[in-house]
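You will see two complexes here that share chain A, one where it goes with chain B and one where it goes with chain C.
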Partner chain A sequence: MIFEWSYISAIISSTLRMCSPILLCSLAAAICSKAGVFNIAMEGCMMVSAFFAIVVNYYSGGSVLLAILAGILSSMLISAVLAVLIIRLKASPVVAGMAINTMSGGLTTYLMYVFFHTKGLFQNPTLNGLSKLTPFFASAFPELAQMFYGLTTVDYLSWIIAILVQIFLYRTVIGYRIRAIGINPEAARSLGTPVEKYQFWTMTLSGIFCGLAGVLLSMGSVTLFIQNITSGKGYIAMTANNLGKSHPLGVAVASLFFGACQSLGSFLQQAGLKGQITGSIPYAATVLASVVSSIRYRRQKEKKIREAISEN
Partner chain B sequence: MNKIMNKIGNSNILFSLMAILAGLLVGGVIMAITGQNPVEGILGLLKGGYLTSYAIASTLTRATPIIFAGLSAALAWGSGYSSMGAQGQMIIGAITAAIVAPRLGFLPPFLAVIITLIFSMTAGALYSLISAHISAKYDAYLLIVTLMFNYLADYLASYLTNYVFLDPVALDKLAIQTIKIEGSILPRIFPRYTTHYGFLIALIAVAATAFIINKTSFGYKARMGGLNAGFAEYGGIDSRKTMYKVLLLSGALAGLGGACEVLGTKFRYVDKMITSPGYSWSGITASLMSNYNIIGVLFSSIFLSGIAIGGSTIELSMNIPSEITQIIQGVITMLVTAKFVIRWHRKENGRKEAETK
Partner chain C sequence: MILEMKNIVKTYGKVVANDNVSIDLNEGEILAIVGENGAGKSTIMKILYGLEKPDSGEIFVKGKKVSFNSPLDAMKLNIGMVQQHFMLFGPMSVTENIVYNNEVSRRGFFDWKGNREKVRELSGKYGLNVDPDALINDCSVGTQQRVEILKTLYQNADIIIFDEPSAVLTPGEVDELLSTMKNLAKAGKSLILITHKLNEVMEVADRVTVMRSGKVIGTVNKKDTSTDELSYMMIGRHTSQLNIPDMKTGKRLLEVEHLSMGSALGKKVLNDVSLHVDAGEIVGIAGVSGNGQSEMIRCITGLEKQYEGKVLVCDQDVSNQGVSIIRKAGMSHIPEDRYLWGSAREASLSDNFLMGEEDSDAFSSHGILKQKTIDRHADRLIDEYAIKTDGCRQKMKELSGGNAQKVITAREIERDCPLTIACEPTRGIDIGAMEFVHERLVNKRDNGGGVLLVSSELSEILKLSDRIYVMYEGHLNYEFRHGEVDDRKLGRLMLGGKADE
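Let's look at the complex of A and B:
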C-alpha cells in the first residue's frame, strides 16, 4: 500500500500543504533576523490573523478577499506594536514576543465568545475557504497533478514569496541595507541608514507573511477557527529559520522537512498509531534537527580547520 | 515631569503597580468595546479575587503552582537563561507524583508525601537538565528547546494517562485521568477552605530560593551571569556549569509545583491540568513583575492568581469570558518589560543635560 502512487502523491500534497504556513513564518523570522531583530511573535501574529480572517469572512457573507485582507492587516498591526515595543521602547524581544503570543491566545478566545458565543471551535456553512487551484497540466498528466491536490492560491503564493524574498534581500539596495543593519547596526547608522526605520518596516513586512500563514491555517484545507489553532507552528518556523541560516533557500528546505514531519504524523495516525505519539513527531523532529545540524556544522568547521593546517 | 519619571524609573514596586493599573484599564476598555460594563467588570474581578475569605482561599490555592513556576523562572531568567520549560517540568513532576503516590499507600502519609515530592523534584530537574544539555552542547536556543520539550511532556503525560495509568473505575468514562490518590495527599490547612499545605511548601521554597540566590556563592555566580555574562566568564565563573546548576534547580522547583498541584488539589493527574490554566506563563510574568526578586515573586504570583480567580467569577456571574485576565496579564508583561524605556529615557536625558552643561 505504501508504494502505491496514489499514497505517495497524497503524502507529497499534504507535505506541501503543511509546509506553506511554516515557510511563510520562517521567511518572516528570516527577514527579521537579517535585520538584526529577534522576532518570536509569529505564533501570535498567525493566530490573530487566522481569527480575524474568519470573523470578516463570516460578517461579510463569505468574502475571501476581505478575509485575507483582514488577516494580513491584523497581523501587521500586532507586528507593528511589537516593533515599537522592541525597537523604540527597547523591551526585551523574548518577553514582549512571548507576551504577544500568550495574549493572542486570550484575545482570540475572548473575542470568539463575544462574536460567536462559543469557546472551542467555530465553523459555519456560510464561510468560504481559499480557492483551490488545479494545476494547468492536470488534464495532460493527472498522476503528476495529484501531487498538488488541494493546494490553494496562497500555498502557491508562499513559494513565490520565498523567491521574492531571495531577490529582495540579495538583489535590491533596500535588501542590502537590511542585511548591513543585521551585520553591524552601528556601521550602518554611521553610513546614514535610518536603522530603526528599516527594522520597523521589516518587522511590519514580517507581519504580512505571518498574516498569510494565519489565513492558510483557518481557511486552507479546512475553514474554521479552533482555540490554539497554531499549535506551536510559529516556534517550529523559528527553528526552520535557524536551520536554514536565515537564507530563503535554506529556510524553504527546512520548512519542507517540517511539513513532511507533520504530514508523516497525520498519516501514521491514520495507520493506527496513537495520537500522542504522532502528535509529538514535529516537536521531537525540531529538537533532533537542531542537534543534527549543529553536529554537521561543527564537523564542517573542523574539516576546514584540518584542511587549513594540512595546507600549511 | 522628568523628575517624576526618574523617580518612577527607580522604584520597581511603583512601576509594577502602574503596569497593573494600565493592565486593568486596557481590560476595562476591551470590556467596554465588547458591550460589557467595564466598571462592574473590573470591580467584580477584584472582588472575586481578593475581597471575600472564600476568594482569598481560592486565590492562595491557585497561587501555589504559580509561585513555584515563578521561582523557577526568576532563577533561570534572572541568571540570563530564558527557559520557557517550567510548564513541561511541572507536567513531568505532576505525572510522576500521580504515578508514585498511589503506590506508597503502605507508608505513613507524611513519609509517602515527602518521598513523592522528592521523586517529582528529581524528575522535573532531570527533564530540565536534558533540555539544558541539548541547548548547551548543540548551540540550540534554550527558548525553543524548552518550548518543544513542553509539547513533548504534554504528549508523554497524556499517553501515560491514557494507555498506562488510566483510572479503570472512573465514573466519567470520558475523563482522562489517573487513579485517585488515597491517604498520601497534602491536606487542607483549614477544612473549610481549599488552601492546602502545598502553599506552605511554596513559602518554604521561596525562603530557600531567596537564601540560595542571596547568600551562597552559587547564587552570586548565577546572578553575575544574569547581569553580565561576559564579565562573569572573565571573572573565572564556569558558565556552563552554572547554567546546568541553575536549570537543574529551576526544574526541581517546577517539578515540586506540579507535585503539589496533584497532591493538594486534584489528587490525580488529569490530562491538560497544567497546560490549560497557563501556570507557567503566569509564573514568568510574576518573575518579570518583581524584576526577578524572589520575595517579590510571592506577591506578584498571588496577585496574578487573584486576577485569574476573579476572572472565572465574572465569567459565571456576568458572562464576561475569563480570557480577559490573559489579556490583562499580557499588557502588564509588556509594560513591565518596557520599563527599560523609562530608564533608557532617563539616561538619554541625563546625557543631554550633561552635554548642555
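Let's look at the complex of A and C:
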C-alpha cells in the first residue's frame, strides 16, 4: 500500500510544504553569511512573524494581505534590531541571535495571553489562511497535480525567491559587492564601500524571508498560532545553509532534503511508529548532516593543506 | 611639485613617530623613503593616505592645501597605495578585484564584458600582464601585486605609494616590479617607494629621503650618493664588519639521513636529503624558495611527521616525533612564518617569550607560573635585543613586523640548547638589528652550538655559513666550505645549473 501512487504524491506534496519555510530561512542565513554576518536568529524572526500575522489577521477581520505585511514587517524589525546589535554595537552574533530566539518564544506566549486571553493555542473561524493554488495542468494531469496539492502562493514564491537570490548575488553589482564584503571586509572598506550599511540592509532583507516563512507556518497548511510554532525549523535552516555552502541553489537542495525528512517522519507516524521516534527524524538528520558536512569540510581543508605543502 | 608635506608632527602617547617631517615629490619621479624600522616612514605614509591624522603640519597636493579623514579622501585626490599586505578578494577574479566599487554596470547588473575590457585596456596600457579571468587565489604573489597596482591605476592615481613592495617577492619578481615602477614614472606617474633595501633604491629612485628616529636626516639625489652613504645616514654609523674566527667542529648535533617526503598529488617534495650539523658550525641552505626547504625544516623540527628517513638530534633518534620531544632533545627553531608558527598575536610579549618553556623549573613550579621571573626574563630580552615596545605586557600583534621577528629570534637563540634551526631569522628587520642577530648566531656557534640556517638572502648565507648546501627540487645537490663559492656560482646552482659550467 505504501508504494501506491497516491501515497507517493502525498509524500512529495508534504515534502514541498515542509520545505518552503526552511528554504526561506536558509536563504536568509545564506545572504547574511555571504555578507560576512553570522545570523542564527531565523527561529525568532519566524516566530514573531507567525504571531503578528495571526494578530493582524484576527483584528482586520481576516485580511490575508495585511497579515502577510504584518508578518514581514515584524520580522524585518527584529532583524534590523539584531543587525544594529551585531554590526554597530559589535555584539557576539551567537549571543545576540540566541537572545532574540529565546525572547521571541517568551514574548509571543505572553502577547498571546494579552491579545487573545488564551495559553498554548489560538484558533478562530474568522481567520483566513493563504490562498492555495491549483496547478494549471490539474485537469490534464490530475495525478501529477496531486504532487502539488495544498501548496499556497507563498510556497511557490519561496522557489522564485531562491532563483532571484541566486541572480541577485551572482549577477548584480550590489550582490557582487555584498559577496566581496563577506570575503574581505577590510579590502572592501579600503575601496570606499560603506561595509556596515551593506551588512545592515542585507540582514534586514533576510528578515523579509524569515517573515514569509513565519506567515507560512501560521497561515499555510493550518491557520492558527501555537506556542513554539517554529519547533526548531530556524535551526534546521542554519544547517541547510551550512550544507548548501550559502549558495542559493545548494541551500535549496539541502532544504528539500530536510523537508523530505520531516514529511517522512509524519508519514511513518501514520504507519504506526511511535510519534516520539518519528518526530525526532528531522533533527537526527540535522545532526547527521552537520557531522557529514563538517567531515567533508575537514577533508577538503586537509587536502588543501597538503596541496599547499606540495606547492611550496 | 605635485606633493608637498610640510612640518608634519605625529605622536603616539610618548613616542614621537614623526618629528617635523617635510617631504616633497615632483611629477614623474620616483622618490625613495628609506629608514630602519620605527624611523617613521610608515607613519608619514599613513598620514598621506588618510589612515592617520597628523598632530600638526600641512599637506599640499598639486599646490592646494588638503586634509584627509580617510583613504577615500586620498583616493579622490588621486593618491593610491600598494599595501605591503594585499587587500584582495581571494575567491574572486582579477577583474572583480580591480573594478570594485567603480564597476561597469547595465541596469544594475554586473557587465562582465565591459569590465573585462576595461581591465584588458588598462593592463595593456601600462604593460602589466594579468589574466582578467584568473582567480586571485590561483595567482602568484607577483601577479597579486600587479593587481594591486592596477587597482590604483583604475582609480586614476597619479601619486602611488609602494610600501615595502619587494618584501614578499621572489628575486625574479622583484626585477619585474622595479621595471614596472620605471615604466609608470615614464608614463607620468609620481611614485613613492618605502623600503630599506638600498640596492633597489639605487636601481629605481631619482631622489632619496632618509629618515631616522622620526626625523628626516636628509634628501639626496641618487646619482650623488652611494649605498654606503645611505646606510650611514640611516643608522648613524658605519656598518661593522663581522669577524668570524675559524672554529674546530665538535660532536654531531644534527644528523639527517635519507629524508624523503611525498605530496598528496604524488610529487616527491623531498628526495633523499642527507645533511649534518656539528657543534661549532653554521650550516647554510641556499636555494630558491619552494625547492623543499620549508618541508625539510618541518620534518626536522617535528611539524611534519609523515616522511621517510631518519633525524637524530644530539644522538637521540627523533624521527617522526613531535615538536616537544625534539625540543627537549636539544633543538630550538626560528620558524619561517613568524605568525603562523612563531608566535601568538593576541598574547603578550611575556607569554610569547615563555612559550615552549612553560613547564621548565625556571618559570613554573607545580603547575603555577612564576609571573615575576617570566616578566624579568621578557624585560631582559626586550632590553638586549632593543625591541621597541611599551613593555612586556604589550600584545604581540601591536608590534611592527621587524620587532615581532626579534621577539621570536630572541626567544629561540637565547634558549639553552645546543642546536638552533634558523629560518629567515632576519626577514623584514632593519640593518642594525640584522647585524645584531648575525652576531648572536655567530656567538652561539662560538660557544659550541650549531646553527642550521635557511635564508632567501644569499648574502646572509655566504656571510655566516661555515658550510653551505645547495638545495634544488627537493635534493641537496652540492656542498661547499666557507670561501669555496661565490654568489654568482651559487645563484647558478640554485637554478639547477651544474658546478663545472
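The rule is simple: the second predicted complex is superposed on the first by the 293 of 312 C-alpha atoms of A that agree within 3 Å, B and C clash if a C-alpha of one lies under 4 Å from a C-alpha of the other, contacts with A are read in each partner's own complex, and residues count from 1 in each chain.
Methods note: a residue touches a chain if its C-beta (ideal position, glycine included) is under 8 Å from a C-beta of that chain, and two chains touch if they have at least 3 such contacts.
Worth saying up front: this structure is predicted, and the values here are computed from it rather than measured.
**Q** Looking at the overlay, does A:121 come into contact with chain B only (first), chain C only (second), both, or neither?
**A** neither
**Q** Under the stated touch criterion, which partner chain does A:291 make contact with: chain B (first), chain C (second), both, or neither?
**A** first
**Q** Answer with first, second, both or neither: which of chain B and chain C does A:280 touch in the superposed model?
**A** first
**Q** Would you check which partner chain A:163 touches, where first means chain B only, second means chain C only, and both and neither mean what they say?
**A** neither
**Q** Thinking of the overlay built on chain A, is A:177 touched by chain B (first), by chain C (second), by both, or by neither?
**A** Only chain C is touched by A:177; chain B is not.
**Q** Of chain B and chain C, which one touches more residues of chain A?
**A** Looking at chain A, the partner in contact with more of its residues is B.
**Q** Go through the superposed model and pick first if A:188 touches only chain B, second if only chain C, both, or neither.
**A** second
**Q** Just checking: does A:249 make contact with chain B only, chain C only, both, or neither of them? Give me first, second, both or neither.
**A** Neither: A:249 stays clear of chain B and chain C.
**Q** Do any residues of chain A touch both chain B and chain C, and if so, which are they?
**A** On chain A, no residue contacts both chain B in one structure and chain C in the other.
**Q** Could you please specify the touching residues of chain B with respect to chain A in the complex?
**A** Within the complex, chain B contacts chain A at residues 30, 34-35, 82, 84, 134, 138-141, 143-145, 147-149, 151-152, 155-156, 158-159, 162-163, 278, 281, 284-285, 288, 321, 323-327, 329-331, 333-334, 337-338, 340-341, 344.
**Q** Tell me, which parts of chain A touch chain C in their complex?
**A** Residues of chain A touching chain C: 171-177, 179-180, 183-184, 186-188, 190-193, 303, 306-307, 309-312.
**Q** Looking at the complex, which residues from chain C come into contact with chain A?
**A** So the residues of chain C in touch with chain A come to 71-72, 75, 87-92, 96, 100-101, 103, 105, 108-110, 151, 263-265, 267, 269, 289-290, 294-295, 304.
**Q** Residue numbers of chain A touching chain B in their complex, please.
**A** Against chain B, the touching part of chain A is residues 40, 85, 89-92, 94-96, 98-100, 102-103, 105-107, 109-111, 113-114, 119, 232, 235, 238-239, 242, 274, 276-277, 279-280, 283-284, 286-287, 290-291, 294-295.
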